[in-house]
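The following block contains the structure, expressed as structure tokens.
Which chain is which? They are A, B, C and D, in the order written, and residues in each are numbered from 1.
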């Protein structure tokens, strides 16, 4: 059981080419512990959620995202903070993905991190996201909370994470996600 | 001062053609008190917010929205609740509108309402939106909180609001918004 | 493993003698599934949290509460909503219980319910409590969310829960808590 | 109107003798702009809120607090963060003060600040408090948000605020509160 690989889908909430959050997600891919593979999912090509579109049949970009999330063992959100919440584009991806029949966040382990140029480092966005995850019946890990403040000092110009402490926070987050994922998928012990 | 008309821009968070929220916004337009005019703004044609687009110069749809909001005396949000928050498409409009240099929500009076098919009627989305308004330095009214639950029983098939109690809630909300707008724009009395 | 009894400590956030929330907690005790026992903990006799008191050695009431929580397999919060959050007296109990060295909520399964005379039924308090549980590294179940509105119609004058639908919600909550508790305590499967 | 003094009641959420938050409140008293006087209110001697006590007639400590708040022109909350929210003892004071008939927070201007030994400096507690203020129909200022992190480096051993930047933040907060209070109490201009 513990040796079964963990497939994680990572979502970056920023579309900016030189985004610190996309860079943090790439860093996470490189820092993933043995037995964990992190792939990324695109969210910038989804249309705005519209019930009429959904009823007519979800567009192919949505179907691709939903299939990718459904196949994942765990989800990693990497989100900037816009206006004290997550970006609209990331919320839109959640809005599409959450529609019936299958709901791919259901019962999934989740980890959250975020980067910002300022001090608070996306704390406010992360708690709003956690409220959304209650509806989605996902299971976010609580610790560590990875909030990368002053991101401009922690990534180089090419978007490589250079700050060792931040690397360790990300490693700890992913180790915690791996342990939580294994704990949640352990088969219930037989009734005696 | 009190006789100066109040121009409100109303934003519906739903793109669905038969949306209860868009219907509630239309109802608000009809129920506006004397001296208040409510126009609506389109948000469905904005691209996803992308810093690179913004740096390159905001698209015309964004410029139109920003100008419309900047010219308003007050803002009316009419929002469904998706995943315990506001829809991505509405958040995206806020993300675009909030970018420098001018920030059109700054110091603006705001009213919030929402409709949903269920019982809780968008309460959770409204509190998340209120947190965003702290960053935006807007001034939302506290009372009444208009949360239209069981919306399917309160609008007819053509999208007309038929429930008298809900009409009165909306009238009260708009009266409260008008009074708040006048109170906030009163010139400070001269120092004596 | 599954046959090991689950000891739950239930905390009511109300001190009122005829409290709907204390009544709901008593109902939960009677409705607990086989293999689950729910005891209650008193919080009304704790002093206000004061760091100086804590440094001097926690009062006996605090020690009793902490020992009771530490010995529990899971926690059940039953909370009214005061001013859109949990009551101060319940927060005070959490503040005392959460102090080092041992932190008795750590890694514990948690369930939440609440009763109110109004319509919304403690929704806002429950989401604020969930944010506190992130700090406490507890693991609240997401579903069902038991928010007992119009409580005056669901309990008789003696404080007995008479509403069958509400009884079923509570049964479902406790079943869900039992399953979650067993899932979280299952030993990790051996690495193969 | 502008020359009428502004009487502020300040509430510290901490009972600790050497509390950074009580020290920040004392600093605010000294830094108050001309025309503003800040008095403090005691909250540590209130009993836990209990509906039965309230029905029997509020205890004298409660009556004193309510009268003090009712007479104030504005309220200043100075709160630590315990478990990602405000302390129970502060919430308890709000719970008592908010009971009918008169509700002394109603329509009052409010400012919020907080100090903590850590990095985030009470951000999470402040947003939870803001949600409570919606119910209370108070009007908190949005800017500046004063979150004093690493408080141990900003106060001396005697509890004097020594950090110049923090002093300026507090001055700005109080200036903003004074302007907001004057703006809200300006008589509506006559209808023309």
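As a working rule, contacts are C-beta pairs under 8 Å (C-beta built on N, C-alpha and C of every residue); 3 or more make two chains touch, one makes a residue touch a chain.
No experiment lies behind these values; they were computed from the predicted model shown.
Put simply, the chain farthest from subunit A by mean CA position is D. More inter-chain C-beta contacts link the pair C-D than the other of C-D and A-D.
Look at where the CA atoms of subunit A average out and do the same for subunit D: the two points lie 37 Å apart. Our note on geometry: subunit C versus subunit D, Cα centroid distance of 30 Å, whole angstroms. Shared interface positions of subunit C, defined as residues touching 2 or more other chains, are 124, 127, 131, 134-135. Those residues of subunit C that touch subunit D in the shared complex are 14-17, 19, 44, 48-52, 82-95, 98, 124, 128, 131-132, 134-136. Across the complex, subunit C is touched by residues 119-120, 123-124, 127, 149 of subunit B.
Listed in rising order, the residues of subunit B touching subunit D in the complex are 1-3, 127, 130-131, 133-135, 137-139, 142-143, 145, 182-184, 186-192.
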